[in-house]
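Take a look at the structures below.
Shared chain: subunit A. Partners: subunit B in the first complex, subunit C in the second.
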Partner chain A sequence: MSYPAAASDIQVGRADGKSASAFIKGLGLSNIVMGVITAVILFVFVAPFLLVLVVSFGEKIEGASWVWGFDFSNYIRVFVGVDWPNSVTLLYTLKLYYTLAYAVLGSLIAVGFAFPFTYFMTQGSRRSQAMWLVFVLASLSMSEVFVVMGWDILLSNRSGLPALLKAVGVTDWLKETGWLTVLRDWDLASPRNVKFKTSQLATVLTMAYLVWPYAVILLFAPLSRIDRSMIEAARTMGAGSVTVLRTIVFPAVRLPVFGSLLLLFVYLLGTYVTVTYFAEPAHQTLPVSIYESIRGATLNAPFGAAQAVILLITAGIFIGFSLLLARLAERKA
Partner chain B sequence: MPGLVLAGIKKTYGQVTAVDNIDLTFPKGKLTALLGPSGCGKTTLLRMIAGLEDPSRGTISLDGNDITEKPANRRKFGMVFQSFALFPHMSVAENVAYSLTIAGVDKATRRARAEELLDLVKMAGFEDRRIGQLSGGQRQRVAIARALAQKPDVFLLDEPMSALDAQLREAMQVELRLLQQKLDITTIVVTHDQREAMTMADQIVVMSNGRYEQIGSPSEIYHRPASAFVASFIGKANFLKGKAKDGGVDVSGFLFRPEPAASFLNGSAVQIACRPENVSLSSADEIGPNRLAGTVTFLRDIGPTREVYVETPVGTVICEMPASTETVFSQGETVSAEFPPHALRLFPDTDDVAGAQSRSDTGEGGGSIASNKQDVAA
Partner chain C sequence: MIKAAFKQGFMVLCAIYVALPIMVVCLSALNGGRSMLFPPEDPTLGRFVDFFVNEPVWLNSLENSVVIALSAATLAILITWPIAYDQWKKDTTFSKVLASLAGLPFALPPIVFGVGLSFLWTFIGGLGNMLTGILSHTALLAALPLVTISIGLQSIDRAHLDAAATMGASEGTILRTIILPQTMSYTLSGFFFVVVLSFHEFIVMFFVSASSYATVTLQIFNSLRNGFTPTMAVGAITFLIVSIIVFSLTARFGDLPRLMGADQARKD
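Then we have the complex of A and B:
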């Protein structure tokens, strides 16, 4: 009889259907959702980076776009110039240097100002703390373009700080005492008056201002958590406010301070608008050059990509080295 | 007059008065304990002495010099905090020598002083340890050594034993007292533990609601409490409520005659306090003044002593006797509790009793409170 065989076939078919659904059930819905999210994140974050990496080895076609390729000429150009080995040009290496220097100085100034400010803020009443936090959070809502515009007016030669200094007689005093000549040597004055535009000082200060609210927010929680009795103990042992800050508070929050510095450093590496506004072309940074290569005058996507990859690797080395130093310092302590 | 003197010290936070018009003298070289329940203002008072809080009113002077306006970092007062407040990023020696470091003392002298102080608190050999590697007792010793490093004029301790376990606390109380006597330094200890205060102090200031209730030696405070609050806060006491009558007290028809006789007006509300160890029990057929007949309801042996709870017509009375006493009472037995005249302390009946746990009113104008406040350290 064929009936039992047919029944057996049907049973096999049902078993297969069950095993597929059992397999999905075995995986678990949460695991499936997590897998999909991981795949999307990998695609969104890793794919663009891989594309930039691949493009950086491509070749620019004069008068046209670029073609896929695999040579290191774009990387060599960043470090020693396009005419190497006939001649060496450090134009882009200098841009890398300014990128790192501005980011380091900007983050140091921001954290340097934010640390005492936030500490004294945490010593105030809850009401004053809340008011300051609202102010700091409100300043975060301003875009880089808005901040730069404000600082542009503040530092402009005709209507800003230089005009004010001239009006109140500081400029004349600087001329009389010879300080204006010193400021000219530092690129902070013209023969007639002090000037902040264009200058590296204005660039760094604006960058510091940009990230200062972030520094306050990053330091607020660790500084609020400091055991007040440690501060009071130090005071009873003869320490004044500054000594307490230096010998007790700072060592207690050195890791959050270091973390804030690294975070702001990475953030400032990509600063574009501030640098284009306040730094003269010879002192501009790699992000400006990258933008010019990709969308600006030069239109050389492979070279822009190579600069981006070098900036990323340099930042990685910088952060890795900093973490290593921090770990060594912790071990020594 | 030498020593630390507080005159009319008051501290208010908005509408709340934490310390109210305190006049106190802390004798030079003596250990004074500020004793009281939580929220009585003792820590606020200590913090004002240290310069960590500004008094709303009054003056603080040391050896005749007004230091009220002097900031904490210029008072040269060593302080041990409840949490010890040691600096975790420094070694034990660095912690101890902190005051010397910021004073610019050279490294060799700092190290020598740290070693000397650590030796004093029996922590020699721990100089290079991290704070995280120390036990609670060791941390306390380091905190004491650190506070003493600057050779302070006054040594302040804010509940220094509260973070320690009971056994260690007992040992440290004795050690701290010996150390204070050795250094002969004016010391103020804040505590809510009456046993701790009685163990260490030359003088106890019992505080309540921002004021002091009594100042005296541990013996005076215990045996001659100035108020019902002090009688109830320091040790245990039986409280009997009644009306003054011809130099005695009528407690629901039972007459109590103290020595010396009471000076209250006849009919005024009075409460009698009597320590449990002063109450003696005998067979029920003994009658007379200062006696209450009752039934034994509960017995317990607490190491060297035995407590007998007697239910009387005016409420529960506790009698404490040495555990070695040969007379044995049993639950349900009828007994007579005697209150010796010299052991009776009389106070106006203002309900001002700390730690009252049981109360039984037995009719018009009479009743008792058996204040069983246990030693916090126990």
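Then we have the complex of A and C:
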């Protein structure tokens, strides 16, 4: 009696198999691939940012971990301190200020030096351009850790720039003329010699160094697309280099230069190793205190997340600006 | 004449400025003692032996670096190829949104992404697992192959595609015989960009490894508490050499200036 039942089972199985393969065919292989990829993007690429946002509203429990929540106390703490409204502490606002200040100066210096370099580079042959690009890319790929290691040696008091200045006699000259006292006021000297560690100068210069190769890469495309025949025409009509720069080069690359500045600025907002190494604790930035809160000494994940969200919003605003600029540049072209 | 000399001089000065800290790190590796002195004292190659033979912690972290970089690069290519292809072929709003989402982690401060990933892996488990480390680097660096592959797809001659279609080639055949071969060098460039940047990446790996394994970059940072030592510099040199080889190969077999956005028409 069980025979018909079994047969029908087989039939059902067959029908299922057919419809499954038909289902896959109907969907199309490409749609399945795209579906899987979309899931991965949402889960690994986008979800972490959402998690940071959600956790930032959570609440730290003394002596334990933290719980979900929904209040703005972490944000209030970042801007006006934990004891608000009784008293106002601007500790973290100051960190945000340093984050912005270092990033602005670093990106300005980097673009300032990268612009002439890239302009000269694009005038070379294709082959020399490729060689310079390999050089720039190789230095670009150097980790922040390695760069800091290099500058640490170069700026260290025992062997490096201060030792070199002393050996050459610059230090003695500075002492005689009184400049050393001025440098001490600027926090760039000890009673005995100049010092760069720790100083804001070293922090900003190392940051500029970090993004200089990026600046070259970003400026390379717009500068190499400038119409050479226009420059040649201007030259034949007697225009000097300055006139050429002012009337042809600058107008053509004004927007890309500004766009690169914004991108480098955003990149520098997240600098961590340089700041922990070259800035003294009082002058450190949000990324350092984010780390302290999440993994370091203080262990307050929601508070760390709130600081990360503020950093994220700051970055987002400036990326928005740079996208706007890119669109403007496209419309002009 | 003076102008040309000025240009050359300026470029060389920039090059020296860029190379100086790197050179210093490399030369410090020759120090005989335990401290980083420049110029090196008592030059020796003993630190290289330390790095590659005597101290297993370095070899172990080098292995981790290689595994993570190669796996992340492979995964990044597998994820971004269909996205770039879809955007190039259909150019729908969906494909545009997907492409910009894929570039999101690279565009925003990596420390924020690192924090978010550490939350994600804490919740679903796997924080401090190599696999999640690989996935994290895939997500962080996927923007690079996405860009290079898109540039590659745009550089395909439309005439070839039209000719193939007129002769009755199916989409699969066109993909296999025209699109894949013509974009191969761009795909490889993207692959190598991910490998090199993954080698050097620090902050995201710092958060997701949760101190249970270390890449070379991470190991160097962790050892900093005892100060810089010449053995670390060997790690830096190894990575620098890999970067130069990779980018030289990219320049040799691909069109590096074009990849960086130079005008295709100019060929001098």
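FYI, the second predicted complex is superposed on the first by the 256 of 333 C-alpha atoms of A that agree within 3 Å, B and C clash if a C-alpha of one lies under 4 Å from a C-alpha of the other, contacts with A are read in each partner's own complex, and residues count from 1 in each chain.
What we mean here is this: a residue touches a chain if its C-beta (ideal position, glycine included) is under 8 Å from a C-beta of that chain, and two chains touch if they have at least 3 such contacts.
Please read these numbers as outputs of a predicted model, since none were measured by experiment.
In the overlay built on the shared chain, the residue A:Phe196 is in contact with neither subunit B nor subunit C.
Judged by the touch definition given at the top, the superposed model places A:Tyr209 against subunit C, while subunit B stays out of reach. In the superposition on chain A, A:Tyr98 makes contact with neither subunit B nor subunit C. In the superposition on chain A, A:Arg235 contacts subunit B only, with no contact to subunit C. In the superposition on chain A, A:Phe146 makes contact with subunit C only, not with subunit B.
Of the two partners, subunit B and subunit C, it is C that touches more residues of subunit A.
In the superposition on chain A, A:Thr247 makes contact with subunit B only, not with subunit C.
Legend: residue contacts after superposition of the two complexes on their common chain; A:Phe265 is shown touching neither subunit B nor subunit C.
Residue contacts after overlaying the shared chain place A:Phe115 against neither subunit B nor subunit C.
Subunit C contributes residues 3, 7, 10-11, 14-15, 17-22, 24-25, 28, 36-39, 79, 82-83, 86, 98, 101-102, 104-105, 107-113, 115-120, 123, 135-136, 138-139, 142, 196-197, 199-203, 207, 217, 220-221, 228, 232-233, 236, 239-240, 243-244, 247-248, 250-251, 256-257, 260-263, 266-268 to its touches with subunit A in the complex.
For subunit A in complex with subunit B, the touching residues are 227, 229-230, 232-240, 243, 247-248, 251-252, 254, 333.
By the touch rule above, subunit A contacts subunit C in their complex via residues 30, 33-34, 37-38, 40-42, 44-52, 55, 113, 116-117, 120-123, 125-126, 129-139, 141-147, 149-154, 158-160, 209, 212-213, 217, 220-221, 224-225, 228, 241, 266-267, 269-270, 272-273, 287, 290-291, 294-295, 301, 304-305, 308-309, 311-312, 315-316, 319. Subunit B meets subunit A in the complex at residues 50-52, 71-79, 81-83, 85-89, 98-99, 101-103, 146-147, 149-150, 156.
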